[in-house]
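Below you'll find a set of structures to go through.
Heads up, the next two complexes both have subunit A, just with different partners, subunit B and then subunit C.
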Partner chain A sequence: MATLPIRASSIGAADTGARRRIRARLPAAFALLPTALIVLVVYIGCMIWTVRLSFTSSTLLPKFDWVGMAQYNRLFLNDRFLTSAENIVIFGVLFISGCLIIGFLMAVFIDQNVRGEGLFRTVFLYPYSMSFVVTGVAWQWFLNPGLGLQKLVRDMGFESFTFDWLVNQKMAIYTIVIAGLWHGAGLTMAILLAGLRGVDADLWKAAKVDGIPTWRVYTSVILPLLRPMVITATVLLATGVVKLYDLVVAMTLGGPGIATEVPAKFVMDHLFERNNIALGTAAATIMLITVVIVLAPWVYARYVRPQGRPA
Partner chain B sequence: MSLKTRVSAYTLSIALVWSSGAFAQQMKAEVLHWWTSAGESAAVRVFADQFTKSGGTWVDNAIAGGVNARAAGVNRIVGGNPPTMTQFNTGKQFDELVDADLLRDLDAQAKAGKWSEIMPKLIVDAVTREGKVYAVPVNIHGQNWMFYNTKVFADAGVEPPKTFPELLQAGEKLKAKGIIPLALGGQPTWERNLFNAVLVGHGGPDLFRKINGARDQSAAKSPQFKEVVEIYGKMRGLVDQGSPGRNWNDAASLVITGKAGMHFNGDWAKGEFIAAGQTAGKEYGCALVGASGGKLIIGGDVFVFPATKDKGQLATQDKLVEVLLDPTTQLEFNKKKGSIPVRMDVDVSSMDACAQKSSAVLKDSANQVEAQELISTPNFTGAMQDAITQYWNNPNMTADTFIEKVSAAMRDAS
Partner chain C sequence: MTAAIEPQGRRPRRLTAGRIGVYMFLVTAALFFLLPLWIMVMTSLKPMEEIRLGNILSLPAAMTFDAWSKAWSSACTGLECNGISVGFWNSVRILIPSVILSIIAGAINGYALSFWRVKGANVLFGVLLLGAFIPYQVFLYPLVRIFSLTGIYNSLLCIVLVHVIFGLPTMTLLFRNYYAGLPIELFKAARIDGGGFWSIFLRVILPMSTPILVVATILQVTGIWNDFIFGLTFAGRENLPMTVQLNNIVHSTQGERAYNVDMAATMLAALVPLVIYFVSGRWFVRGIAAGAVKG
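After this line comes the complex of A and B, so read on.
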């Protein structure tokens, strides 16, 4: 009997504590509200809207009938979409791995305390300041067999020199990769260089005392330490892969033929040029699903699983 | 005293400016279009000046790129904040806006102006939906002209070809002289434009309509179509290695500078020749290639008028229709645009040789062929374009494989 009032009062204290906490969080929640609304309405809302439209027969204007999977059947019979899908895989793998490797080598090079470091840093990072459109146009001129590299080398006397990748259906996608690498490697370098500069000097001293060769220190000690930077760079580059559009438009316009078509261009063309909203949104939905499938394991490993473990 | 007069003069001028502003407010037209290149903007200024002269205020809303401009126009109309008039190409681009009752019906204006008498029938048909007119055509562009460098042809001893088999032979002769026979902007649109030129020139207007309009599977399987496809395939040998990805104006300049012999394009390409100081009929010529003198594929630009209940806007729209089709305006506009007047009753003797030729050819309605966008949905046009560009750029693709792709496009495209 005597304990009861005490317990009651302690419940009351806990209650006001929780209320106080909610009250303390209220301004924060209020401040986040606009962002949350934008995410919900604009991002999630548009996503649902897009997926819904892909099950309709919409052409110029949205229509809300239901045609089931018809658009998806069409999509997977469409040469151009299949080529686009293949191209984005080729581009994605080569572009991300290429940027990481070249970026890392450039970062290591600058990390050797070379003379004129500022100059090299600027030169390596400079391409990133160009838009994809400028990059595309510049490389289009440079790789054009009649104007650029091939003509230059031929004019120097090597008559049989041939470099016609830009106009060759089988090789054209690799010219897009080259232009992409030129554009993106510098950013990767900057991120990894920041990481390299953050490495504790004592590690290097310890490695020297142990007599470990420098390349071995880089691959076995430094690279694992740079993991967060590598992940950051990869995510940034991956977003570039998914939205690849302007580089292709400026450089090849998807050609020769359909050799360098990419999914984003497929979506844009069908939405705005060909009055085929349904097929365009179906392609966009497939892009979304692919991105989710690729990202899901990583998100799970990074954010979901650690919460399950005790801190 | 002097101060007082100055003040009152000041007030008066303010009042004048204000009242003229208020007057202009009643005739304020916001015009959305994509005419942004030098020649095009000079052309649209003719409309703007004429409209200003008749007491209106022209608010110019130019958006670079037809696709972007059309998307902006459609978005604003659907969103309920339409411009006074907005541009489309002659054809099916605005079909669904008509279906959704978003465009003003211009039947009264068309009847009053006797459009069906003064314009080519297929242009009027192209702006008519279920018996009512919904757009104002402002020009006619011929799309399948062959431009050629007269000096290059004379030096090689080649006559301008009259048919496509002749063109292939002429091409070989030019090639032997070290000249690029055919300058092509190797982008899907221009590859399709060239295909259409061969289709109408060698296959004839009926086949053109059956393939692009009716999506006739049996026409696609016919021997005539296969012949067209094979000739087009052979033309791959007439272009240079740098063609893929090239812009059309760069292709035209190859002909201007004498590096190439021929270039197929719409009459808008004249602008490049004019800018280089060349005159039609002298340094360059234009010809139609095909049986019986060739047929001209025609399209053009139209303006549509979003539906409105605002009386002021309705009056402004009426005035705009009047200005757009005024004979003098038509002549001046089309001289700058490179097209020909949509009114066949306008005297074109002051225009260049190519425009006069255009006008003469179109006098006979048997020579008029409607552009692909007049008879085909943008989606089917796009599907055809995908097939054509694959065939053109892959020399190993056979005519039969291409025909399969065309037949699949006819079946699948909405």
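After this line comes the complex of A and C, so read on.
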């Protein structure tokens, strides 16, 4: 008998509560509005705009005609672009694998209960705090054959020593890799070291009891456990590869000749210096497609596949 | 006194071949990482006559700070010869509003996303995160057009806006993940007490945000200070940041290159992030790791 009024009133309360909750959420929606606008206009709008421009014949000023795939055909006959594409593959493969290998080794060696651990960590990571411009300028000076490393070794008595990669068309891109490794390897070390510190100590005891050599434990047991950290580091390094621009500008300006041109620089040069907007945006679109292709499996593995399972 | 006799700490390890190998590796690696810094400092302290002799590793025979003062106040960046100090102050003027605004934006976004159920907010967040992976070159030209049309292209406001826009993904993610770790009961209690969106943010959430504010500040200060491409594209001739000025100094070759001035300018440009790195220590790593784990 007494339940009826209580039920009725509770329904009423829930009703006004829901309405009040919606009204309370308004400021939250309002606060997200600027971000929503930016996402819509900049992240989505500008992207579509760029892709659209790549199908036009725009040069100094944007036009809105339609020339189909003409710019892409030109792009894939363009020596500078082909060199850029090749360079970014060389750099990407060597930089990412190099950072992972060197970073892993440094993390493992630091993890051996060494003295001065903090000092080593600090020294390995400090380049990461500096800009690519600083990195490029420093390495350009160190590697210049006239007064840098080559002269140093020659003056030590090795007269025939040659290290002219910086000014050598075939080898210049590898100097960019070296500078990149110097800048980024410490970051991989820091991420992997954090992972190593999270490994269960019992695992080590079990391996010791079984008499498994340390290096085997690292390669067969620890490395698979570090998978998430390795993936994080790889994603982070890969985004760095796509952005590669400042380092090249500071170190070689794309030279000697066009030996160290990279896609980001190709786009920048064509948009802002060579007055060829259509070709520049076509190259930017190719960059976009490449990133999507590389990123898709990772997004799928991380966000699409595990759906339904608690995160 | 007797306590001193008892063994303390770890048992001393014997110096086996393996241990020596470990230290050899670490010391070699450390030398590789320190070498460029050493060379930069040494070169910046030498007069040009000494640099021309070679031996970039040696200590300066006649140490001088001339190159530093020249780099700061009279090195040429193209046509003007006012040193890198111009770029330094430009960077400071860009840095302060950009850091403050991008952190505020990130904190509000993160708070709204993790405590309030706004329709479509997750889609928004997803697109924002994907945007973080897209190369900047895809956005640059249309952005330049938009800013030209609104008449703010090549201004301080323009470069600050660009830093805020492209800082959004990382900052939002950083704060969202941090707030997701706070107990939801706290928020619910504040709601029951009648707190609204802003009052809960200002009185409950913000006072608990100190650690993440520190991490965000470290991340943004180093990131924005080291930026090159945005400064070059959006800041305009009057506001070029230090990185761009440094590049101009190094690549403006009139006559013989003054390597000592170049290196002094480089050190000056690296100083701010280096100081932040050495002072902040582990926080720095935490910031990169937090910003790295997208999603």
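Just so we're on the same page, the second predicted complex is superposed on the first by the 270 of 311 C-alpha atoms of A that agree within 3 Å, B and C clash if a C-alpha of one lies under 4 Å from a C-alpha of the other, contacts with A are read in each partner's own complex, and residues count from 1 in each chain.
The working rule: a contact is a pair of C-beta atoms (placed from the backbone, for glycine too) under 8 Å apart; a residue touches a chain by one contact, two chains touch by 3 or more.
As the structure is a prediction and not an experimental result, all values here were calculated from the model.
Overlay on subunit A: subunit B and subunit C clash in the combined arrangement.
Applying the stated contact rule after C-alpha superposition, one finds that A:Ser57 touches subunit B and leaves subunit C untouched. Comparing subunit C and subunit B on the residues of subunit A they touch gives the larger count to C.
Legend: residue contacts after superposition of the two complexes on their common chain; A:Leu253 is shown touching both subunit B and subunit C.
In the superposition on chain A, no contact is made by A:Glu86 with either subunit B or subunit C. Applying the stated contact rule after C-alpha superposition, one finds that A:Asn275 touches subunit B and leaves subunit C untouched.
In the superposition on chain A, A:Leu77 contacts subunit B only, with no contact to subunit C.
After overlaying the two complexes on the shared chain, residue contacts for A:Pro145 are found with subunit B alone; subunit C is out of touch. In the superposition on chain A, A:Val291 contacts subunit C only, with no contact to subunit B. Touch criterion met: A:Asp164 reaches subunit B, while subunit C stays clear of it. Taking the listed stretches 5-13, 77-85 or 131-139 of subunit C in turn, the superposition on chain A shows a clash with subunit B for 77-85 alone. Common to the subunit B and subunit C interfaces on subunit A are residues 140, 147, 253, 272.
Within the complex formed with subunit B, the residues of subunit A that make contact are 57, 59-61, 74, 77-80, 140, 144-147, 164, 166-167, 169, 251-259, 269-270, 272-276, 278-279. Of all residues in subunit C, only 10, 13, 19, 22-23, 25-26, 29-30, 32-37, 39-40, 43, 51-52, 54-57, 105, 108-109, 111-113, 115-119, 121, 124, 127-128, 130-143, 145-146, 165, 168, 172, 191, 196-198, 222, 225-229, 233, 243-244, 246-247, 250-251, 259, 262-263, 266, 269-270, 273-274, 276-278, 281, 284-285, 288-289, 292-295 touch subunit A in the complex they form. Residues of subunit A touching subunit C in their complex: 24-25, 27-29, 31-32, 34-36, 38-39, 41-47, 49-50, 53, 62, 102, 105-106, 109-110, 112-114, 119-120, 122-135, 137-142, 147-149, 151-152, 155, 182, 186-187, 190-191, 194, 232-233, 235-236, 239, 242-243, 245-246, 249-250, 253, 263-264, 267-268, 271-272, 277, 280-281, 283-285, 287-288, 291, 295, 299, 302-303.
By the touch criterion given at the top, residues 67-68, 70-71, 74, 78, 93, 95-97, 100, 186-188, 240-245, 377-379, 381-382, 386, 389-390, 392-394, 405, 408, 412, 414 of subunit B touch subunit A in their complex.
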